[in-house]
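What follows is a pair of complexes built around chain A, which joins chain B in one and chain C in the other.
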Partner chain A sequence: MIPEPRPPAPPPIATFEHAAKWYGQVIGLVDATVQIGPGVTGLLGPNGAGKSTFLKLLTGQLQPSQGTVRLLGADPFATTSVHARLGFLPEQDAFYEDMTGRAFVRFLAGLQGCAERADEALQRVGLTEAAGRKIRTYSKGMRQRVKLAQAIAHDPQVLVLDEPLTGMDPVARRQMIDLMRDFERRGATVVVSSHILHEVEAMTDRVILLYQGRVRAVGTREEIRGLLDKHPHQIRVQTSRARDVARALLDLPGVVGVRVDDGSVHVDTTDPEAVYDRLPRFVLEEGLPVDGLEAADVGLDAIFDYLVK
Partner chain B sequence: MSSSQRPLPRNFLLLFGNAASRAFLGRRGLVLILLAALPAVLAWFVVHSGARVGMDVFLGATLMFAFQFIVPFLGLLVGVAVLGDEIEGRTVTYLFTRPQSRPVVFLARYLGFATAFAVLVFVTTFLAAHFWSSGVPITPRQVAGTAGIAALGFVVYAAFFAALRMYVSRALFVGFILGFIFEGAISKLPGTGIARCSVWHHVALLEVRLFDPTATTHELRELLSGIGADETAAGSLMTLGAILVVSLAAGAWRVRTQETRLANAAT
Partner chain C sequence: MPIDIASYRRWEGRARPTPFSALAIATTMVRRRMRLRLVRWIVGGFTVVPCVFAMLAFYASLQGEGPIDRSTVDRLGLADVNMLGILNFLFDQMAGFFAMLFAALVAAPLIAEDRRAHALPLYFSRPIGHIEYIVGKAASAAFFLALLLVLPRVCMYLVEVGFSETDGTAMRQMPTFLASCATGAIGVVLVTSIGLGVSSLTERPTYAALTLLGVGVIMAGLSFHLALALGKPSLLALSPYACVQRIGMELMVIPEALRAEMNALSVMPIRAAWTGVSIWTALSLGVLVLRVRRVEVVT
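This part shows the complex of A and B:
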């Protein structure tokens, strides 16, 4: 029996080909070559990594200094017609403050030819009751919601969200993530940036890692984690008997190094879960005092340092 | 796209309406209204103070105060705000990620602002000329004409400064130098013809021709020694129109080809 041929991969929605962007002496993005297909793609990197530059190139607000950027097959800077299929939530907290939320969304949805869908968009982001209030009276979370409403009102094929969860409470975050998933289910492309790893993890499996203006890794969450797990994790143990604790910690599996430093012990381990699991029991059995325990390298800067070493 | 209207005229009208309806909002709007009202306030006070008011006072107030100071100053403040407001407020991002070209945003916002403030300038100058008319023999046609010339001067200055903002980030400062020091200087250079490069020269010429086609009064000759006998109102209208069109074309070209950077934008 002849196997059925695999369906061809869907064409990418957006492509970066050796795209670079610099602002005078400041580098925004260097030699980025990536393809973005349908579904949710997370753009992850610490502040200043080049995420906003990447998204501004993608949405045609900037043109690359070198290389090419294509969105839906066209240059998004020169071909403004592609913006009819684009929804963009900018990072900056910028509004016509004297407008009501409804007037703001109606105006911007009107530019997409669907002013009548403004109320529906406000309802989808849970802002119906406050829609008649002036934006200047909105909380940070409400301002994020109204930005989202203007981005989704015309049901775009490509939704680009720059740090969308900033200032949102847990319920609103959940709603935002559900909304992204809804767009994904309907075949849309969502590109979402964040500098917080677990935020991106909650939103998508597909990640583009940016650091110092360079694309450091592209792949699924598992693939990225695989890259990270090659490096030992650092855990700091605060104790008044540092030397005794350090000696005992060396016996734990996965521990590859221990350093004593002024009332604390720094542990390098390839198996951090083992340390977290066994340390309390080990402390009770040995009677060693432990005042605190914390991961010393969970920050994205540390993670990216590993990736670039 | 659910609207049956074609995107370009629809978006142009929306942007025009947005700019025009928001033109007078905020503290800046209040300052601009007060500034535009100054010539009318001045005229009312002078006429009601019992002072002798002649044609020299009227022309001095109109040409030297309203046309050479208030109108360009309003043009500068409004012109730099055409896209500058959106850039400094960082709301331009919303407009530049919509399906209309960037020049459409620039032109629609210019027209919105220019229309709103041209009406204001017309009304306040009309009132000023009307107040003067109680002491000076001015016909209703001259009252309306003076107001129209002020409004025309304003829209030309606003177009010039709107375009300047697209090329220069410190447009308010540079515009002040150009609009007052440079224009003021060249408009006073007799005999070289260079005065014809200033907007004020043509605005003043239109006013002169409106009042005295032969330019015979002593006051006019004193004030406007740079105006040549061969210069016509039609020529000045064409020159002002050319400055307007070239300014808008230059501004639109710049905004189409040059990306707009936001202040304090993250990388």
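This part shows the complex of A and C:
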């Protein structure tokens, strides 16, 4: 039986080919070669990894020092018309504080040729009631919503969101993620950056990992997780009977090393969940005192250190 | 309030670059300024007061009681000189100084506040070129400066036409009126470009405003001392705009300089030439500064 030919892969919406950007002596991005297709793509990396530079190159605000960047087939820096199909939510607050939310969105939507869409965009982000208030009176979450409204007012084909969940409460985060998924369902391309791993995991399956200005990995969430799980996590247990606790922990699956240090036990494990599950049992059944418990290296910097070693 | 996905109607239209984006930027900036009560008062003070003053001065001159009284006119032999031209010239010197103060208010914040608020990415991720952005910002400053530098001239012209006892005054004075308006327009462009250039240098509008005031004072002093050194003391050369004109006229050693200066119409070609050179320089500097600064501001 002849297998059916696979449908051709959709053409990439954005491509980076050996793109690099540096600011004098400071490196922003080095030799980035990636393709971004329709759907949600997460840009993950610690602070200073080059995420914002990546997004500014993608949105045509910066010109690459080397290599090429293409968005919808055009050079986004030289071709301003391609920006008509682009929505951008910057990381930093970018407001005229004396304007109302409605006037602000209407002004920016007007520059895209669709000022009449402002009210609908404000309704979509749940700001209709507060739209008549001045932006200086808005909370952090409301400011994020206004920024989102100006980005989606013209229903862009490419939506670029720089740290969109910053300052949002859990409910608003969930809603923001739903909105991204809605864009994805309608065939749009969403590129979203974050320095928090679980945020990106919640938003997308496709991840681009950046670290120190370089693209370290491109792949699905599972592939990235697999990379991370190969490396032991470190957990610190504070206890007055460090030697007894260390002896008990050594028997747990996944534990590859234990170190006793001044009233605390440092555990290296590839299965941190097992440690978290069994510790309460030690306390209850064996009477081992545990005064504190913390993951010593869950910071993204530590994770990226693992990846680049 | 939840994000409302269900109510969102997919837009069937097509986003497109608007051909009037510079105009949209200008009108929004003007509205923002005018929405502030303090700015409305200051704008009123800088525009309505000079207008009223110019009209009163001109009306008084028509009656022989103005800043140049009849005896002075007779002594200088200026009886046949165009009075509208003289008043326009005097107005020019004073308004030039106030234009720098006004620019500190309306032009200094234009780019500085965008840099401070990190608003530039919002503009440049839209289908807007740098030229449209600069033109839009400049147009909003030019609107306010035109209220100061052009509107009073229109008022003076209307006063003369309205109070004239002879027929055909409107047409007879039309060349002088148009020339004076052109002079005002040149001043608007010059001060606007200087204001935008200074505004692009800092993230703090206050610093830009103080710099503009400093530039005005320094150039006024330079103009005054240069005129003294040349042995031809000039009065009221209190702005870069007037300074450039004054230096040009002094260096070119115009015969019977006083008489020529007093007749605004006759010195117009010289003014236009020198002002044109200064505009070109200021615009070049302004654009250069913006181009250089842009990389930094979007970084």
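A few comments on the model shown:
We take it that the second predicted complex is superposed on the first by the 307 of 309 C-alpha atoms of A that agree within 3 Å, B and C clash if a C-alpha of one lies under 4 Å from a C-alpha of the other, contacts with A are read in each partner's own complex, and residues count from 1 in each chain.
As a convention for this text, a contact is a pair of C-beta atoms (placed from the backbone, for glycine too) under 8 Å apart; a residue touches a chain by one contact, two chains touch by 3 or more.
Source: prediction; values computed, not measured.
After superposition on chain A, the partners chain B and chain C are seen to clash. In the superposition on chain A, contact is made by A:Q150 with both chain B and chain C. When the shared chain is aligned, no partner comes close enough to touch A:S65: not chain B, not chain C.
When the shared chain is aligned, no partner comes close enough to touch A:T270: not chain B, not chain C. Once the two complexes are overlaid on the shared chain, A:G126 sits against chain C while remaining clear of chain B.
After overlaying the two complexes on the shared chain, residue contacts for A:P90 are found with chain B and with chain C alike.
In the superposed model, A:L111 makes contact with both chain B and chain C.
Once the two complexes are laid over each other on the shared chain, residue contacts for A:R186 go to chain C alone; chain B is not touched.
Judged by the number of chain A residues each one touches, C leads among chain B and chain C. After overlaying the two complexes on the shared chain, residue contacts for A:G48 are found with chain B alone; chain C is out of touch.
Comparing which residues of chain A touch chain B with which touch chain C, the overlap comprises 23, 56, 59-62, 80-84, 86, 88, 90, 92, 94-96, 98, 107-108, 110-114, 117, 150.
Interface residues of chain A, counted against chain C in their complex, comprise 23, 56, 59-62, 80-86, 88, 90, 92-99, 103, 107-108, 110-114, 117, 120, 123-130, 145, 150, 154-156, 160, 171-172, 175-176, 178-179, 182, 186.
Those residues of chain C whose C-beta lies close enough to touch chain A in the complex are 1-5, 7-11, 13, 15-18, 21, 24-25, 28, 32, 35-36, 113, 117-129, 295, 298-299. Taken in their complex, chain B has these residues touching chain A: 1-3, 5, 7, 10-11, 14-15, 18, 22, 25-26, 89-91, 93-102, 259-262, 265-267. On chain A, the positions that touch chain B within their shared complex are 23, 26, 28, 47-48, 50-53, 56, 59-63, 77, 80-84, 86, 88, 90-92, 94-96, 98, 107-108, 110-117, 150, 213.
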